[in-house]
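Each structure below appears as structure tokens.
Same chain, two partners: chain A is paired with chain B first, then with chain C.
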Partner chain A sequence: MSDAYDRNLVESESSTYQRLAASIVGVGILAFAFALAALFDLTAIDATFVGLSLSNLLGVGTTLVGLGVVGLGAVSYVGYVETTPDRSAGLVPAVLFGLLWFCVAGLVVSQTFGFGALVWLPAALLVGAGAAGVAIFPREDIGSTLPAGAFALLVGLVFLTNVIGPDWAWSPTDFSATFTPKIVVPFLTVLAVLVASWAAGKAYDDFGARGRQTGAYMLIALNALGILSVLVILVAFVVSKGIGPLFEGFSVGASGIDWPFVQNGNQLTNDVNGVFPAIVGTFWLVVGSVIMAVPLAVGAAVFLTEYAEEGRFTQVVELATNGLWSTPSIVFGLFGYAFLVPRLGNSTSLLSGIFVLGFMLIPLVLITSREAINAVPDEYRDASAALGVSQWQTIKSVVVPAAMPGVITGVILGVGRIAGETAPILLVMSGSPFPSKRQAPNVLDISFSFTSSFPFVDASLISQEALLNSASALPYQLYAIITAGVGQSEAFGWGTTLVLLLVVLSFYAVGIASRAYFRNKLRS
Partner chain B sequence: MAESSLKQSFDTFRAAEDIDASALLAGAVGVVFLLTALTSFVLRLGLEVPAIVGFVVVLGYGWYAHQGLTAKAVTFLMTVSTVLILGMITVFLVLESLHAFRLMGVNMLVGMDEPVTVFGVTVLPGLGNFWQPSSATYSLVPAMWGTFVTTLIATAVAAPLGVACALFLAEIAPNWAREIVKPGIEILAGIPSIVYGFIGFTVLNTYVFQNFQTPSQGSFFLVGGVIGVMALPTVVSVAEDSLDTVPDSMKDGALALGSTDWQTMTSITLPAAFSGVSAAVLLGVGRAIGETMAATVILGNTVGLPQPLYDVFGNNVTLTTLIASQYGDAGETQLSALFAAGVVLFVTVLFLSLTSLRIEAKLKQELSGD
Partner chain C sequence: MSETTSKAQTQADAQTGQQSGGTTVEGETQEELREEWVQYEFDGQPAISTRDVNVHYGDDHALHDISIDIPKNSVTALIGPSGCGKSTFLRCLNRMNDRIKAADVSGEVEFNGKNIYDKGTNLVELRKRIGQVFQSPNPFPKSIRKNISYGPRKHGDIDVSLLSRLLGRDDSDEEDELVERCLRQAALWDEVKDRLDDNALGLSGGQQQRLCIARALATDPEVLLMDEPASALDPIATSRIEDLISDLAEDYTVVIVTHSMQQAARISDQTAVFLTGGYLVEYDDTDKIFENPESQRVEDYITGKFG
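== the complex of A and B ==
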């Protein structure tokens, strides 16, 4: 929402009712945290705290939350506190509550009591419809708290009475899996806490339009936090696992830095095996595909924005760009395997990898460059044209330089994307799964000499052999470790993962930061 | 008649672009060289190098004599090349898969191992097997089912969470929170799929194996969840873009009537951007369908259908993992069958992406007024 509409005109003191609602959410958060701890193996499900097993403890928590939420609704309903509920909780909560209670009743009747579909289906439908009815027909304060609170209460009681306790297990006949309390207890706790906290959040702001907003914002903010924590946990986990192998044998001495994991290849004689060939391979892949794709993509972007008129042709190009953007990477790999590999030396090669990743890079750069060139204000072009400068001169010396920051950002982000691609290079480039240092592609081969035969000079800049031979790359190296069965080389795998993640994420970090920098500069 | 009008329009084009005879000749020669190089590369005639050298020479002359015109022509050729690449991908995929399609016919897409009977009438004779290179039997049904199941799970994860996060970024978050979450989402998009695969293979597979006591390591359930997380950033950023296209004036109207921000979102912003948000979900679905590496290393890749069909803990194969796990030791026919899997994948994803493109364009048009 635009910031101009800050309308918190009335700041009221928080009432006892609000404090009660907040403390219910607080208890919920506590239970939530314990549930996550159990889920992530930080504590065992049958561990005891203050004389209670964890599942009982979670039961106490959810029971409290459930009772509290039902209480909040009841207090508001009898008019003990002044709230502003609507006539009904609304259709969306009703449908969701109906579904929730349908599942609860269906599972209990069919699994706990073992009835067939003829019994459980009507029973579940009845209960589900009942829950939906409770949400729709009474006033909002009852409609949104009772089904939620009752669910939390039920979950809590089930845990407290050890109906689902540490020794419980459920193997549904149709699934090849068994649900153990370690998964089910935290899952049900989290679900109950979320549902009940939503109701408590509504109660906090006296139901009605404002209450609904508070409840919804709470869940949405929690969701964003959850997504962010997935990222943080993922990166932190890889760093914690990979930092050891990455720096094994690392030393800074008189002869310079000795960093075996980065400087070595794979060899029996090595103390520490490293990923040097993969790093070199990834480097040349990135350089090659940038050289191939960026001029092409930027040129196309220039044509589309500066020369072409909107019409059939630009539409087709747009379709093609979007098609290329969304084409799965394995399809690019198949294409390279069928088209490039037979034509480039008939074996997997670095050059094929460069081509395929270049093809993948084109749409990424094209789309961002087009946006960047489009964002150049028309005044620039007009001013240049008014000086009598030709269109091409204008593009060359005004438009493209002005769009450069955006183009570069797009290139960096695109490179980050392709540097981590595995599927295409698996098909068109991969060779030895654990290359030694000598197998690192040596692309630069600068030599110059005079010879006696035509054309009398023998100069070379790039080694054809290196380009036409298979090479490794960081993502492929990681895949090779997995197919080799991990086992012994798990530490090596984590080290490789960390290097790959560092390479890719630093491209992203630089790209995002430079974009933010140029945007701010543009705005000021 | 038609010829003369063609000539006429060409003449106007020439006049408009100020193309004199030497430029025309150079352009024609350049195009001939380029076409020769391309044809030679495709048909393996071995003429690429001289043709490219010729093109570069012509290019040099054009740059020297008619820089503006050359620049325009070159950028035009670059634009055409993007279309050409997509065209070549289509052509080569289809060409390579023709052999398998000819061999299996419609059974490639619908063939079952057991005969299918409806009320005692056999509607589809069984192949005896889904996928057996030794008897040249190939059916994509198990792989398509696997892709369907994993994509369904992934969408169930990515769509609601992604749209909620987009709403958070576009409408709810205070500035400081947006500055943190938005780059975070973008970085999440950057994590390579093989990294998810490695974590899935070493950590999550074991976790699911122990705590769900599945018969083997790897399951659709886990793959769907992981792919869902991977598709999440796509949904978030595209949905956020389309929420941003809803003009402030529409929201102001609701706010002026005294609605809360949340009411404005649910009754104005979300309905107005609904098509854009669904386009975002479609793109996310496309990403999930095409996801390869994480699924390949997590799944067991045995070709078959889970029993029963809806057993989400099945440990079978998807279209992408079929290709990635079998291309290495595939014979000619099997390879062609894998290309057929690629065609199915390509067509599905292309369809999803173009549909979402159309939806987005329509939304922009609608919201820009008129």
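== the complex of A and C ==
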């Protein structure tokens, strides 16, 4: 046989090999997706597809994946395709596989067969050591595929034979929880797919250094996919539950948009009650606390980084801010309740809420602003000083603008926290959880008129009354509906949730847009 | 003999002008400093004269009794191995050492007939008249125009604030003139005249450095201090900066630190050689220093035998 023929043969075979590895990963991802769907109630674990229950179907998938992975290793080991495996899979896979099989054997021996620790512990140790040994001693193509493939195969067979099926349940002794297939089947599937895809990824690029790189990539990609899908599913869940109540009675007519859930308050006369006062309350709460906290925090950060000498004092301040940031919000709430409320009109009020949330916001904005200001290169300060510009002017026109994106990042994170805060609001701000539309805080009260008595003008910008009266807020309403079961139906609660999500997202959008604006100014 | 005593001896010799020639200290050749090696005669007024400038960083004595006169409208190069105190000395001339907490400066630096270390010196005015260009280009993350007008604006010489623009008495025209003049002086105008409002960070390294020179010129200085202004640049950008420095010397007094002896030889009129430990060893016409230095150690340094 000629050399050229040889090389062609090897090449075409090795690409079949790659296609095999890729399709194993593909089947795995499919199983992964179904498992997540089952976990999040998008489909039931005993639903049937093409005549098979979901758990059986996942069994077929994982069995295929397991067989495939073992096959990939074997084909490479017998030299049917040319690969570049190392002498051993290495210590990290060995430890991981050892732990995995230790758990599998331990659970099977103790739970399925009911043996005590005297039996299951040695058995599990033995199996774990065996798996680790398989990973260490044979060549990498066996060591990294066999323990992984065997695990997937085992999981698949357990599902296929209905050992763990839709009707299975497991209540471990000495443990009050019951594990249902709804949790266990997706969990095992995801685990098996992760492990097997790791191995298949290694096989795809012929093991060795390149293979390990692909394997790691596979693992990370699946991980990211999982996290992302959890996020998507969470949002989708809220949207699907909330979209109905949100758009109840929605109409676009000649008189403009009529959107009762967003435009109405709560009144007996309303067809559709709405969350308008709570939206306004949350809006002013967040805006007010940002306006209060950001200048204070940035000012303190400037002082600490630019003026104060590094030393005991700055260390104490740092400790205090970090401590304040980790203080539970209910503590802030209690402080507001005991200290602010009696001093601000002796009743719960929007202003108290703004102060308390502002106090909560200060530490984070302070910490991030300090970081951001510290990260401004000293070269800018030197350049400015060498031009004879004073320190304060340098801070104002060079340092703070350069730190602005970092400051805003802090504000964005902080707003994310305070916008959903319930406990302090409960204590210092809330009155009726479901106020009528008239009770929505009307903070901006811009008016100007001339009067006959001193000082002859009557100007107002901000309504004291609105600030000093109690107000509702979206998270507080949610709490009232869901936990306390007051006043409204659950559907109303889901609608509120969706609105809260949208309000927080729009605050984010504003934050991100302004950060982009400042970044652009610095770079462009 | 311990090292400290040998240094003390050296200093004492230098101060009394004693000429003791080379001596051997523990087998290693230690050349004495001679006062006449650092005395440089020239016609005309000095722009800056220093008298017995000493700098300590904590216990570290970084500069020893530096006394030199820097002639007006010329290029003075400071050369020497790294760590010998060139940058420290340069920072003494516009009091940028004030910004380093550990630094303690003593001695006198006379500029325009006044000691800049006297109490009540106006640092704003001082640094407007003695500009500085740094080792790596450090434009602000602002537009080219704003970089140049930054100093004059902050000093209130140019007012383009929103208020003054609303009142119709802003100095936009003056600003434009200033920007054009400085950019032309820094040989950058033709390259950037169409993008004055673009961010300065978009310029190449060499352009950024010329922008920094233009920025320093905008406060109308008499002296320009430059600390290895071309060390971060490629050869072409370096030669442009060098040409620029030679041109600037017609109107400004330039003091430049450089680690490149070729550069010092090409562009400077006189050269001061610092050697390790913070001693000024020789100061004279550049030609004299490079062709026929008095000090053996300077000759060794220039011919590349150490440093």
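We adopt the following convention: the second predicted complex is superposed on the first by the 378 of 524 C-alpha atoms of A that agree within 3 Å, B and C clash if a C-alpha of one lies under 4 Å from a C-alpha of the other, contacts with A are read in each partner's own complex, and residues count from 1 in each chain.
Please note the rule applied: contacts are C-beta pairs under 8 Å (C-beta built on N, C-alpha and C of every residue); 3 or more make two chains touch, one makes a residue touch a chain.
These figures come from a predicted structure and were not determined experimentally.
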> When the two structures are overlaid on chain A, which partner does A:Phe303 contact: first (chain B), second (chain C), both, or neither?
Replying inline: first
>> For A:Val95 in the superposed arrangement: first (chain B), second (chain C), both or neither?
In response: neither
> First (chain B), second (chain C), both or neither: which does A:Tyr380 touch?
Replying inline: second
> More residues of chain A are touched by which partner: chain B or chain C?
Replying inline: B
> Touch check for A:Glu490: first (chain B), second (chain C), both, or neither?
Replying inline: first
> Is A:Leu194 contacted by the first partner chain B, the second partner chain C, both or neither?
Replying inline: neither
>> One more residue to check, A:Ser390. First (chain B), second (chain C), both or neither?
In response: both
>> Let me check the overlay on chain A: which residues of chain A are in contact with chain B and also with chain C?
In response: 390, 393
> Which of the residues in chain A end up touching chain C in this complex?
Replying inline: 377, 379-380, 382-390, 393, 397-398, 401-402, 521-524
> Of all residues in chain B, which touch chain A in the complex?
Replying inline: 41, 44, 67-68, 71-72, 74-76, 78-79, 81-83, 85-89, 92-93, 95-96, 161, 164-165, 167-169, 171-173, 175, 177, 180-181, 183-188, 190-195, 197-199, 201-203, 211-215, 219, 221, 229, 232, 236, 248, 251, 255, 259-264, 283, 286-287, 289-293, 297, 306, 308, 310-314, 320, 323-324, 327, 338-339, 342, 345-346, 349-350, 352-354, 357
>> Considering only the defined contacts, which chain C positions touch chain A in the complex?
In response: 94, 96, 99, 123-128, 131-132, 134, 136, 138-141, 150-151, 154-155, 198-199, 201-202, 212, 215-216, 219
>> Please output the residues of chain A touching chain B within their complex, sorted ascending.
In response: 1-3, 5, 171, 174-180, 182-183, 209-210, 212-213, 216-217, 219-221, 223-224, 226-228, 230-231, 234, 237-238, 295-297, 299-300, 302-304, 307-308, 316-335, 337-339, 342-343, 359, 362-363, 366, 390-393, 395-396, 413, 416-417, 419-423, 426-427, 475, 478-479, 481-483, 486, 490, 493, 497, 500-501, 504-505, 507-509, 512, 516
